[in-house]
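Chain lettering (A, B, C and D) follows the sequence in which the chains are written, and residue indices restart at 1 in each chain.
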Amino acid sequence: MAALPFELAPAIAALPFVSFLIALLVGAFAPRLLPKGGAIPGILATAGSLLLSIWAFVAVSGSADGMYHEYITWVAGAGEATLDLHFGILLDPLSTMMLIIVSLVALLVHVFSLGYMNDEGETGLPRYYAGLGLFTASMLSFVFANNLLMAFMFFELVGLCSWLLIGFWFREEGPPSAAKKAFLVTRFGDYFFLVGVVGVLATFGTSMFVGSENMEAFPHIAEQVLAGEGAVEVTTFLGFEPQAWFAVLGLLILGGVVGKSAQFPLHTWLPDAMEGPTPVSALIHAATMVAAGVYLVARIYGFYALLPQVLAFIAFVGGFTALFAATMGVVKKEIKQVLAYSTISQYGYMMLGLGAGGYVAASFHLLTHAFFKALLFLGAGSVIIAMHHNENMWDMGGLKEKMPVTYYAFLSGSLALAGIVPFSGFWSKDEVLYEAFVHGLNSPLLLGAYAMGLLAVFFTGFYTFRMVFLTFHGEPRTDTARDPHGVGWNVKFPLAVLGILAAVTGLVNMVPVQKLLGVEGIDFLHQWLDAGPEVLSAHHYSTLTHDFAHYTAGTIGSADLTVLLSAGVSLGLALAGAGAAWLLYDVPEPVRHTDRLGRIKTVLFNNYYQDEFQVWLAQGVTLPVAKAADKFDQGVIDGVVNGASSVSLFGGSRIKRVQTGVVSNYAFLLTTGLIVLLVAFGIMGGWF
Amino acid sequence: MWIEALIAVTLLSAFAVFLSPDGAAGKLAFALSLLPLAGSLWMYSTYEASGNALLAGSELAFEETFQWVVAGDYALQWHVGLDGISMPLVALTTVLTSLALLASWTPIDERQSQFYGLMLFLEASLLGVFSALDFFVWFVFWEMVLVPMYVLIGVWGGPRRKYAAIKMFVYTNLASLVMFIGFVALVFGLGDVNSFDMPTVAQALRGGELGSLGPVGPDALKVAAFVAMFAGFAVKVPVVPFHTWLPDAHVEAPTPVSIMLAGVLLKMGTYALLRFNFTMLPGVAQDYATIIALFAVVSVIYGAMLALAQSDLKRIVAYSSVSSMGYVILGLVAYSLYGLGGATFQMIAHGLISGLMFMAVGVIYNTTHTRMVSDMSGLASKMPFTVTVFVAGAFGYMGLPLMAGFAAELFIFLGAFQSTVLASAPLFTAAAMFGIVIVAGYLLFAMQRTLFGPFEVETDYEVGHAAFHDVAPLVVLILLVVALGVDPGIFYDMIQNAVDPLVKTAGGGA
Amino acid sequence: MSVDRGGRDADVDDRSRKWPGVAAIALFVVLAAVFVGAPFGDAAGGFEGDAGITASIGYSMFNIDAPDAIPSEGFLVSFILIAVVLDAALDGAVMLATREEEDERSPGLASDATDRGPERVPSTDGGRPVGDGEEVDD
Amino acid sequence: MVPIEYYLLLSAAVFCIGVFGILTRRNALLFLMSVELLLNAANINLVAFSRFHGNLTGQTFSLFTLALAAAEVAIGIGIVLVLYRNFDDVDVTEATTMRW
C-alpha cells in the first residue's frame, strides 16, 4: 500500500500543470466554458496535490528508509566517461513538509483569488490562473527534485512564472518594468547558480542529492573526499584544493539562493514585485518562491556543512539582511511595502539559522514564516479590497470594528511575525537566534551575525505593530476607511485557516519548553527531520558541522540558563519594539513620528539608495557601454569593411583616367609597353 | 538514391514554381515544399548510421558515390551521405523552409513566382551543402547558396537592400575564396591523395601524411590552411570581427529570407568549421584553442552588448544570433563530447528559435509596418496570440529550461567546463555564460518597450489579429522548440554518436 | 562639334612634345641592339638554279605537271586566302562609304556609349554643322 | 653577300619611323600611311630572312602582306570617311567619345 502514493508522486506537480493547460487552452479558445475564469480547475488541482502531498508525508513517515527516490535519464551521455543527466523525484521528510506548505498555501491563495480577482471584476483571468497553475507546478517539481540540475531548471521556470504574474496588469507602466527587474535580478543570481551547477556536474560527475544503487550523492562524495578516505576522487579545476574548490562551488550556488530569496545585494526586486496582484505576492513573494533559495540550501545542507567559511558567510549575509531590511520596513507608507521588507528580513533570519548550523531551526522558521507571512499578505489583500486598492496606511485606521475576521487573523499573524510567546513566530525565531547565539560563543563572526539578528527583532516588533495600529486602530482617517467595502467568504476562509495555523504551528517544535521543563519528545519537527535517510538527517548534519565546520555549542552558565537567557532577551526585545509602536501609534490621531528621524528617514525611505545604485548600474553603466560598443562596431569594424569597398572604388576612379579616348595615347602606351617587354625579355633571356 | 531524390525534387519544384502564375505561386510553393519535408522526415525515421562521416570505420545513411569528372590525375566524385551531424541539419532545413514559405504569403506581394522559386532553389543548395562529402560538390552547393540569397535580399528587401545584398555577397564570396585556397593547399600538400573526397583527405591528414607544399613545411602548411579555412568560415558563422554584414542583411531582407538566413545559413559556417577545421586538423585546433575560445567569448559578450544598444527589433535578434553562434564556437573548441555535441545541438536549437523570433517580428511588422522599438508599445492588448508566441520565443532564446535553447547551452557549458584542451576552461565558460544575463536583459528590455504598457503605435495602421497562416508556423516552431527542450534525445543521440569518435581520437574529456 | 579643348591633353596638339619621339627612338635602339647582338650565323646559300618560281606556281595552280617546276602547292593557299581577304575588304569599304538615303545614323562607329543630346542632327547627310552647345559628357 | 643585320636595322628604322608617325600625327589619313610603313618594314624583314634562309616562303608571305596592306588601307579609308562624317574632321584627337 505504501508504494501507491509514490507512483502518484509525479501527479503532485502534474495536476497544477494540467490546470495550467486547461486555463491556457480553454481560456484562449473558449473562455466562456471556463468556470470562474479558470479558478475552479486551479483550486481542484491544488487541492488534489495537497491531498497527495499529505498522503506522501504519511507514506514517507511509514516507509522503511524514510524516503522514496525514483529517477529517469533525461540525456544519456554516449561513451564511457560522460555523465548522464536525470530527472527524478525525492520524497523525504524535508521535501514532503515543503510540498505540504506549498500546496496548502497555493490552495488558499487560489480560493482568495476568487475574492480578490473575480469579485473585483478583473479581465484576463484565464491568463492569471494559468500563471498560478504553471507556478505551482514548477514550484512543486522544484521541491521534490532529486538533483541539482533539475532543481535549477525549475528554479528558472519559477522565475518565469513570477515574471508573468508580476506583470499581470501589463497595460500600466509599473508592473511590466517591475516584472522585468524581478526577472533580471534573479537571473543575475541564477547565472552564478548555473555556473555552480555545471561546476558540480563537472567536479563530481553527478548532482544527485541522495545516493542510489549505481550513483553516489555529490554531498556524500564531497564528505568522503574531505574526510580523506576518498574512495572516489574528484576533478577540481583552476588548481584549487578540494576544500577551496568546494567552497567556490558553495558560493556559486549561494549566488542563486541570494538572488531568489532576495538577500542583501539582490533584494531590490522584491519590494517592486508588489506591483503584482496581492494573492500573487502572498503565494510567490512570501511563502513559496522566495523560500526556494533557503530550501535549496537546506536540501544540500550536507554539502554546505563541510564548508566553514561559506557557512559563516551565509550567517553574516543573513544577519545583515535581517537588520538591513527591518530598518527599512520601519518607515514605509504602504502596507505591502512593509510586508515586503519584512519578508526579506525574515529570510535573513533563515539564512542566519542555516549559517549558524541550525538546520532544524531554519526549516522550522521556513515552515512558520510561510504561514504567517502568507496570512499577513492575504490580510493586507483583504484590507486593500476594503480600501478600494488604496494601500497607503495613512489613509486607513479604525478598520478593527468593520472587519473583525481580518483584524483578528492579521493580529495573530503580526504576533507571530513579531515573535510574541505563544505564537509560532516566537518559537522558530527564538530557536534560530538560540542556535546563532550558542554557536556564536565559539566563533566571533557568528556572534556578530547574532547581534544584528537580535537588534532586528526590536525593529521587527516595532514595524509590525506600527502597521497593525495604523491600519486597524485609531480613528478612520478617510471616508473609504469609514465604510470599507465588504469582503466575501472566499477571503475570510483562507484568513481564518492561516490565522489558526500561525498561532498553532509553534507547538510543533517547542524546544525551549522541552529543555527547561524536561518534557521529552515534544520537538516533533526535530524528530521528523531525523526520520529521513541517514545522509539527509538533521543529526548527521550537526555531526558534519561539528567535525568539518568546527561548530561547537558554547554555554553561559548552565545549558538551561543559556536557553532562558536567549529566549528572554529575544522576547523582551520583541515586546519592547511592540510597546514602542503601541506608545507612538495606538492613538486616535497618530502622527508621522518617523519624520523626527529627519535625514535618516530619507535614507531609510530610499532603501539606502540600493535601488538607485542598481538602476544606475543598468541604465548608467551597461546601456552607455552597449551604445559605445555599437558606435565602435558601426564606426570601426563596419568602417573597415566599407573602407575596403571605398578603396577599390577610389582606385577604380583613378585608373580609369588612363582611358583618355585619344588613339595616339593608346598607341604611345602600346609602344612603351612593347619596349619594356622587349627589354625585360632581353635581360631575362640574355640577348644583350 | 534518397539524397539525390530530395535535392532533385526540390530543384524541380523550384522550376515549377518559377513558371507558375504569381497568384498561385505561394500556395504551390508551400505544397511542393512538403515533399522534401516528408522526404527528410522519412529519412530521419529510417536513419541508421554510426560514426562520423569523415572518420574511418563509419557507415553512413543514404550514401552514394559515383564518378563525376576526371581532371588530370584528380578524380572528382559525386559523394553524398548523412551522418549524425548532417541528418538533423537536413531535417532543420526542410522544416524551416516550409514554414518560411508559409510565412511569406503575407509580406511578399510582387513577383511571387520568382520569390518562391528562388526560396526552393535556396533550399536545394542548402540540402546539398549538408549532405555533400566531396569537396567540389560541397563547394558548388556552398556557392550556389549565395546566388539566391543575393537576389532575394537585393530585390525584395528593404530600403538599403542593394547595399546589404552586395555587402553580404562580396564579404561571403571573398571568405569562400580564402577558405578554398586553404583547403586546396592542404590537398596538394597531401602528395599521394589525388581526390578531393573529404573522408579520404580527413583520414590522410589525421594520419599525418601531409607533406610540404613548395617552400612551406607540413606544420606551417597545416596552420596556414587552418587559419585560412577558419577565417573563411568565421565570416559565415559570423564570429565577431567579421559579423558586420549580418545585421544589414537581416534588416534589409524580407521576413522569410531572414528566417532562412538566421535559421540555416549561419549553420553552414559552424557545420563547415566542425567538418573541416575541427575534424581534419584537430592538432592545430587544440594548439590554438585559447585564441579560438577568446573569439567565442568575445562573440558572445560583444554580440549581446550590441543587441542591447539596438532600437530595431530585427537588429536585436540579428545581433543575438551572433551571440548564440559564439556559444557554438565555444562548444566546438572545447573538444569534449558534451561540447561538440552541444555545439551541433545548439545549431538546431538556435535555428528553430531564431527562425521563430524572426517570424514573430515579421508578423508584428506585417501589421504595424514598423520594427522600431520606440515606435510602438502595448501590442499585447491588440495582438494577444502573436505576443504570447513572441514572449515564448524570447524566453526560449534566453535559455529557459525545458526549451531547446537551454538544453543546447547546458551541454556546451558542461562540455566547455570540463575541456582538457582549453587552458583555464572554467574561466572561459563562466565568462561566456554571463551572456545569458545580457540576453535576458535586452530581450526583456525590448519586450517591455514594445509589447507592454499602454497601446499606441506611430504608424497609423489598424493593428489587429494576425492571419491564421501567419501564426500557424509560429505555433509549430514553439512546439518543436519545447519538444526538443523536454527530450533533446530526438536529435542529440544521433549527434553524440557522430561526435563520439571525434572526441575519442582527439582526447578532449567527457 | 565644339569640344572644350583646353581642359584635355594639352600635350596632344603641342608639336614639340617629345615623348612619342623618344619612344620611337628607344624602340629603334632596342631593336638595333637586339639585332646587332644576335648571332645570325651565315647565309644558307642561294636558291636552286634558275627555276621559274612564278611559273611553277602557275603550273601548280592549274595542275599542270611541268618538267622543271618546283613543288609550290603550299603557296596557293596564301593566294586564295588573300583573294578572299581583298574581296572582304572591298565589301567593307563599300559598305562604310555608302551614304544611306533615309535619315538614319550610320550604325558603324557612332558609339552609343555616349548618350548624345537628342537634338543632335545625324551628321551622315552632307556633314552640315551640328548645333553648338551639345555637351559631351564623359 | 650583304650581312643580314643591315637589313634588320633598315627594317627597324623604317618601323620606328612608322611608329613615330602614328604617335605624333593627328590626321587619320597620315595614320594610315604610317601603318603602311610598319607593314613594309615587316616585308623587308621577311624578304631578308627568305634570302638568308634560302626559303621561298618568306617572299611569298611578303606578297601576302602587301595584299593585306591594301585590304587594310581600304577599310582604313572607309573608317576615316565615317570618322569625318561623324566628327566633321579627321583629327584623331577630336574623336574622344569612346571612353568611360
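Everything below uses one rule, namely that a residue touches a chain if its C-beta (ideal position, glycine included) is under 8 Å from a C-beta of that chain, and two chains touch if they have at least 3 such contacts.
Quantities reported herein were computed from a predicted structural model and do not represent experimental measurements.
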Between the pairs A-C and A-D, the one where more C-beta pairs touch: A-C
For chain B paired with chain C, centre-to-centre distance based on mean C-alpha positions, whole Å: 60
Intercentroid distance (Cα basis), chain D paired with chain B, Å: 64
Intercentroid distance (Cα basis), chain D paired with chain A, Å: 97
Multi-partner residues of chain A (each touching 2 or more other chains): 660-662, 664, 668, 671
Where chain B touches two or more other chains at once, by residue number: none
Interface hub residues of chain D, defined as touching at least two other chains: 19, 23-24, 26, 93, 96-100
Pairwise touch network: line, ring, star, complete, or other: other
Chain pairs in mutual contact under the definition given at the outset: A-B, A-C, A-D, C-D
Touch list for chain A against partner chain C, complex: 660-662, 664-665, 668, 671-672, 674-675, 678-679, 682, 687-688
In the complex with chain D, residue positions of chain A that touch it: 656, 659-664, 667-668, 671
Interface residues, chain B side, partner chain A - complex: 167, 170-171, 241, 243-245, 302, 305-306, 308-310, 337-338, 378, 380-381, 385, 395, 398, 400-402, 406-407, 410-411, 413-414, 417-418, 424-427, 429-430, 433-434, 436-438, 440-441, 444-445, 447-448, 451-455, 487-489, 492-493, 496-497, 500, 503-504, 509-510
For the chain A and chain B complex, residues of the former touching the latter: 28, 74-79, 81-83, 85, 149, 152-154, 156-157, 160, 163, 167, 170-173, 175-177, 179-180, 183-184, 187-188, 191, 194-195, 198-199, 201-202, 235, 237-238, 618, 622-623, 625-627, 629-630, 633, 637-638, 641, 645
Residue ranges of chain C in contact with chain D within the complex: 1, 3, 8-9, 12-13, 17, 19-21, 23-25, 27-28, 31-32, 35-36, 38, 40, 43-47, 53, 72, 74-75, 78-79, 81-82, 85-86, 88-90, 92-93, 95-97, 106, 108-111, 113-114, 123-124, 127, 129-130, 136, 138
